[in-house]
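Single-structure report; data block below.
For clarity, chains are labelled A, B, C, D, E and F in written order, and residue numbers in each chain start from 1.
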Amino acid sequence: MPLFTMVKRALANVTGKPATLMYPATPAKQYDVSRGHIVIAIEDCIFCGNCQRHCVSQAIVVDREARTWEIDRLRCIICGVCAEVCPKDCIFIEPDYHPSSVGPVVELVQGPPAPPKVEKKAKTEE
Amino acid sequence: MSYITKSPWIIHYDGSSCNGCDIEVLACLTPLYDLERFGIVNTGNPKHADVFLVTGGINEQSREVVKNTYDQMPDPKVVVAIGICATTGGVFRECYNIMGGVDKVIPVDVYVPGCAARPESIIDGVVRALGILEEKRTKMTEKGGK
Amino acid sequence: MNEQKHTVIEIAVTDLLKKAEEYHTKGHRLVQIGCTPLGDRYEINYTFTTAWDFESLRITVHDGDEIPSISGTYWGAFIYENEIHDLFGLSVTDMNIDFQGHLIETRVPTPFKNPPKVTIVSKGGDAQ
Amino acid sequence: MSNQIVVPFGPQHPVLPEPIHLDLVLEDERVVEAVPTIGYVHRGLEKLVEKRDFKDYVLIAERICGICSFTHSVTYCNAIEHIMGIEVPPRAQFIRTIWMEYSRMHSHLLWLGLTADAMGFENLFMNAWRLREEILDDMEATTGGRVIQGSSKVGGIRLDIPDEKLGEMVDHLKSIRPLLEESNRIFTHDQTVRHRMRGLGVLSKEEAWDLGAVGPTARGSGCDMDVRSTGYSAYGELGFKPITFPHGDCLDRCLVRSEEVLAAVDLVERAVAKMPDGPIEEKVKGNPDGEYFAFSEQPRGECMHYVKANGKKNIVRHRVRTPTFTNIPPLVKMLAGIELADVPVVVLTIDPCIGCAER
Amino acid sequence: MITEIIFAIGFIILAPFIGALIGGIDRKVTARMQGRVGPPVLQPLYDVFKLFEKEKAVVRNEVNFYIFSYLIFVVFTGALFFSGSDILLVIFALTLAHAFLILGAYAATSPYSHIGAERELLQLMAVEPMLILAAAGFYMATGSFSVRDIALWPEPIVMTLPLLFVGIVYVLTIKLRKSPFDLATTHHAHQELVKGLTTEFAGPTLGMVEIAHLYETVFFLGLVWLFFASMPWVGLLAVIIVYFLEILVDNTTTRVRWQVMLRSAWLVALVAGAINLGVLTLM
Amino acid sequence: MELLVFLILFPALAALLFCILPNGRLRDTIVVLVSAVIIAVTLYLFVLFAGAGTVYFDIESGMISQIMTGLEVIISAGLLYLAAKYRQYLIAGLVVIQLGVVLYAESLINETAALNNLFIDPFSIIMAMIIGIIGSLICVYSVGYMRDYHAHHEGMPDKRRWFFALLFVFLAAMFGVVFSNNLFWLFFFWEVTTLCSFLLIGYSWDEEARKNAFWALLLNLLGGLAFAFTFVWIGLTDPSGGLVMMDTLLAAGPAVAMIPAALIGFAGLTKAAQMPFSSWLVGAMVAPTPVSALLHSSTMVKAGVYMIVRFAPIYNVTMVGYMISLVGGVTFLLASGIAISQSNAKKVLAYSTIANLGLVVACAGIGSYAAVWAAILLIVFHAIAKSLLFLSVGTVEHKIGSRNIEDMTGLLGRLPAVTVMMIIGIAGMFLAPFGMLISKWAALVAFLDAQYGFILVLLLAFGSAVTVFFWTKWLGKLIEVAWNPKPVEAKISNHEYSALVPLTVLMVAVCIGFPLLSSYLVVPYVFGIYGMAATLGQANMTIMVMMVFMVLIMPLSLLYFRKDRKILPHYMGGLSSTPDMHFKGSIGVQRPVALGNYYLADYFGEKRLSNIGNGFCIAFIAMLMITVILGVIA
């Protein structure tokens, strides 16, 4: 009658090293492809709003006039669709996850002033 | 420091999630992450619990359950919303049956993002909740003292 | 990829019970019952199979129609029929286990019910 | 007054990771009546098709359930691809198959652990979940997500797995195989486990068929029923054989699953061996028009995604018939007359996934 | 008389700490058996202190009275035992204590605590014969029921009562609420009864139950030690081995149904009692 | 001597009076008065004889014996008539045989030698107090109870006159049993108790009552027959009649007295409702509750154990004694087991009585000084606790309309006073510092010292575990909260209270004062026989009494726990419940939570266990009979 079939495993575990990753003493496990959080290279953004339209949980708000790109961290499911649809490939997925918070986290990223205007000015100056 | 931060007992409820976050909560208890290192025990019983981990965007039927469970926890207590569904409703925000976040039903102290929230994230969230628990405990004794 | 064959057979509501019994005696199992709202009507598919060649009986019903339950023949059908009742607001008669609308309770009653037909006079503003 | 005990079992209950409720009526500890209530996880996501682009909707379909998440997204994609007549490149099919089998391993190990825990065998639970982490590691390394992979898309897959990584994965599986076998042995041979499961919750072959049981629940009753036999994705090329056991009790349902974990390891190894080269996705143009019933074998059994589209960006109807949903009637039958202590065991042996059952 | 009182007081003061230490090591070893790191060794103490920091919340006030009585009588039981009193009296006092615990669960009047109470009662019924038979065995071996006389008996009693010793170790699993017999309530996460017996106890009420459990652990290990009293250090070793075995069994079995618990515990008591006492009678 | 005669004759004469008094205040008052007199006289008896040791009274027996014989013939005729009318031919046969045997035996014995027909010793005093005090209290209780009873059972012929007459005849007969030294006399009183119990069980005389009454009669006649054969044996061995005197018989020692002791032991087993004869006592439940209380606590079954305990010295270390012990031990274990599966409170009480008597019998069968000490204490505690329990169950039954334990949920809140008394009674039956447990303890010690006692130790160990189960779950029911209390009529008659309250006080008093009881009555008796006596150690007594006080003080902690507690709702798996504990269940229905106790009928079922028990006990009794037959042949 196979009783106590687990004994071997249990004793092996006691004598061996525990499997536990001592997080937070040791850093979190992650891979290159891990989907941690979304970042934007705002300099490259053309505020087309594609990401906003495709985002499955409406985490992104793009304001073409104010040249802002806004993300609600508590809505983003880090699916990466925005990165995929971005025509300028200026959205990236970083492997480290976003920390917890005690309230809403909405990040507003202000883009640089529109470059075309600068160009125009430069022309007139010349 | 009060002992409550050394022995926070948790209860977990799946308030209409997709399971993804729930199994990650459970994974936190298993050898690789081992929440018991922090004295955390999964009680499954609101009356023994100090920390309430809720996942999911809370639907019509779960609302009452979440509320009851919260009410049955003795003070001091904290609520941790785990996963995007629990924080804002996530991809299901626009579903007809979803309240859109745990804070629509009970006060939430810590929001843990992620879909699914990673175990490390959850550990962080719980640890952050302990600070709040300690504060609440201090407030409670002050009030009790008067 | 060799995939399964699926035949859809449109039948009248009145034939449903008879057909279901036929399938049962032939040893088919009930794969699913599924409902599709199509604006003014509903399609209900009853899928059966013996192996991997599926056959679906399709009936078309309208709001207010009564659908006979096949739970007398297929005991487990109650779960689908109650679902259809709760989500689509269609009434299914003589279910063996009738949850009385409490199988799935939703914030919006019968969310999949076809919208009542209204003539849109002018399209002003967002529907939200 | 009779000596009945009426217990509200769930929805919040530690042995049920997901909320479902049973009105249990007991005499001593014998169940004389058990009526289930579901709907605690019903979100209504099928209706979201009306608001989302059919391509983005894959991500929502995936979130029907966090366990067979990947399988759901593939099945949905299959349905759309079929309607639109898209030929998915073979490499994508193979990699999808590998991920689906990984899902199965992780799901079965997870389930194995939960069942052990429901019987009070905490150590076995820990052991199973520890092994599961090994599977999840490879999962995350290749898809970027532990439980929600998000790596399937209409027309193919998002991420390729480089060949050297495939090799590593096979090596890794080889190295944990003895551990998996050991764990299975404990699960199927330990006398106390057998005491809790042998002869419990018996579902005869006829009942299983008649009540619409699917997946391991049906295969544990001797029904040779596994959608993978039809050879969708790459299964047709991997020489797949269903696993069945004859007794229809809880133990046999377990045996099916524990065998399937090892079978999945084999399938992955074979898939890697036969892995074709080539692109991983086919460009999708236009919108779907038509309907299709796509079937797949998820860890919990046969799942069906029905898609009806009318040529618009938003499809008309997406209906999912999940394995757990159709396993509820057999469960109701199995619960009658058992002991209270066995309720969690019996409930868990159908491997309920309420998330997908209610959507 | 004075030494006895000192022993009793020593027990009352030290037992919770020793019990907590044992409990902490138990949890640590359990964790290691599961391949985990586990909690700090003093975790049981933290838990108890924590519980007294919580709000005083109950379903009914009377529950506290029963639980308080449970605690008092458990302490009383242990104190009687360690002061060398009559062992039968000790067993009866323990039964009284548990009756109070069970009544507390009944008084809470909720489905889970009710079933927990019924199951605890089954456990009580399963264990009781073995304890009484052990006491009978002690008497037959030493001619006295007094714990002090038994402890001062010059030979190791385990040699005369080997089967009864095994029986006691067997029911110890029930008393320590370890798998496979953690039916009424459990330290494990998942049980069909939620927390069974203790489901309705919160905060300080639960704290009292936990403290009582610490006392009980020490008391039972003392009982195990009594079998080796003539060789104190061997006895200590035996206690350690027995406790380790309990942990091992806890970690390698499922929970069984109550029928099996009752049947097996009675069978063990019957066989151990009949053979061991029978042989003693004939000798 | 006058006192003894008074105690026998006074209730009997009072009974005559009750035969003619109509229902009403007058009768009720007289019942109370008569009871009071009996109690007073009993107490006086105690004061007078407590320290006096054994005292014999010489009464001219010739005339009285003839009257008794005459009465016996009349009774037999009456029984024959009833048996014939209801076609109980077996009974008729037994009656005839028994009468024949007795008359034959009488012709053998020359009774003129018989002196010292009455006697009193400490054991008699204890019994007399049980009969006098508890029995009388039950009579008082009956006044109120029977009024309600007939109010509830309209259409039943009101035979209360007979009822009260029978009660007092019963008491008289019981006094007769415990004071008689002449076995012929004793036998007469013995048969009168059989008759009374038969008539009282059949009080309502409906189908069931009649059936059970006849069944009780049948089994007791069987015992009576065995008793009667004793006389034949005496007549054959010693026609001079000296052995008819119990003291002579007992003094003759086992060599001579073994056969009569075995026969009387058998008679005692039937009367004490030991397996396989236990069914009559269970069936007796159909009688009004005070009758049950009387049968179980102070009369009838106590006559059975009284005889066995009397003959205990003869049984000491003999085959017969061991067999009797085994019957008692097995009965204790299995009857306790059956009690688990019963939800009818009276049935639980009945089985618990059978079980406890089993323990007494087991002790008596062992017959050592320690065992006898334990047995007598058991009798005392059991009598008080059981009468208290029966009476409180009776009152509760009239108030809530059910005798099912499941219906007593939350009784503590609904009928606090009576329930507290019931709780004290239950606690007295099995919990640590209270009475029964002390005696169990003593029994255990006695068994351990006995030869092959370990088998009895096993039976006792398992049996007492079982008792813990059924009593605790009953207690649990009482203290649970009733969320849907049926309204309870608050008024409980003064008569009922005036029995319940003294019994409760007595219960507590005996628990605290049992060391006194032991040293003033039990020890002298045991010492008188064995020249030594058992007691618990002084330290243990102190601890016991300490525990009693602890338990009594504990409720004070409620005062502290009442303060600033937050009341939480019950845990319902996350569902919310209404104040009356309904939750929203499946299919949308509001379901009430129900909390039944466990009855484990598959394992502890009445049928199953009584079959096992009867099998064993029949085997033991057969062994006993074989011993007797062998003895006769020898």
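Throughout what follows, a contact is a pair of C-beta atoms (placed from the backbone, for glycine too) under 8 Å apart; a residue touches a chain by one contact, two chains touch by 3 or more.
All figures in this text were calculated on a predicted structure; none of them were measured in a lab.
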Any chain in contact with chain B as well as chain E: A, D, F
Pair of chains with maximal C-beta contact number: E-F
Centroid comparison with chain D (C-alpha atoms), farthest chain: F
Centroid distance [mean C-alpha coordinates] between chain F and chain C, Å: 70
Euclidean distance of C-alpha centroids - chain B vs chain C, Å: 39
Computed distance of Cα centres, chain F from chain A, in Å: 82
Centre-to-centre distance between chain F and chain B (centres being mean Cα positions), rounded to whole Å: 60
Shared interface positions of chain D, touching two or more other chains: 5-8, 11-15, 19, 26, 29, 37, 39, 42, 44, 47, 59-60, 121, 123, 126-127, 130, 133, 145, 148, 190, 192
Touching two or more other chains - residue numbers and ranges from chain E: 31, 33-38, 55-57, 111-112, 114, 189-191, 194, 199-200, 202, 251-253
Per-residue overlap in chain A, given as positions that touch at least 2 other chains: 4-6, 10, 18-20, 22, 29, 56, 77, 79
Every chain pair in contact, whichever chains are involved: A-B, A-D, A-E, B-C, B-D, B-E, B-F, C-D, C-F, D-E, D-F, E-F
Contact footprint of chain B on chain C as seen in their complex: 105-108, 111
List of chain C residues in touch with chain D within their complex: 1-4, 6, 27, 29-32, 34-38, 45, 47, 52, 54, 56, 74-76, 78-79, 97, 102-106, 111-112
Footprint of chain B on chain F - complex, ascending: 566, 568-569, 571-572, 574-576
Partner chain F, residues of chain C touching it in the complex: 98-102
Contact set on chain A toward chain E in their complex: 4-7, 10-11, 13-14, 16, 18-20, 22
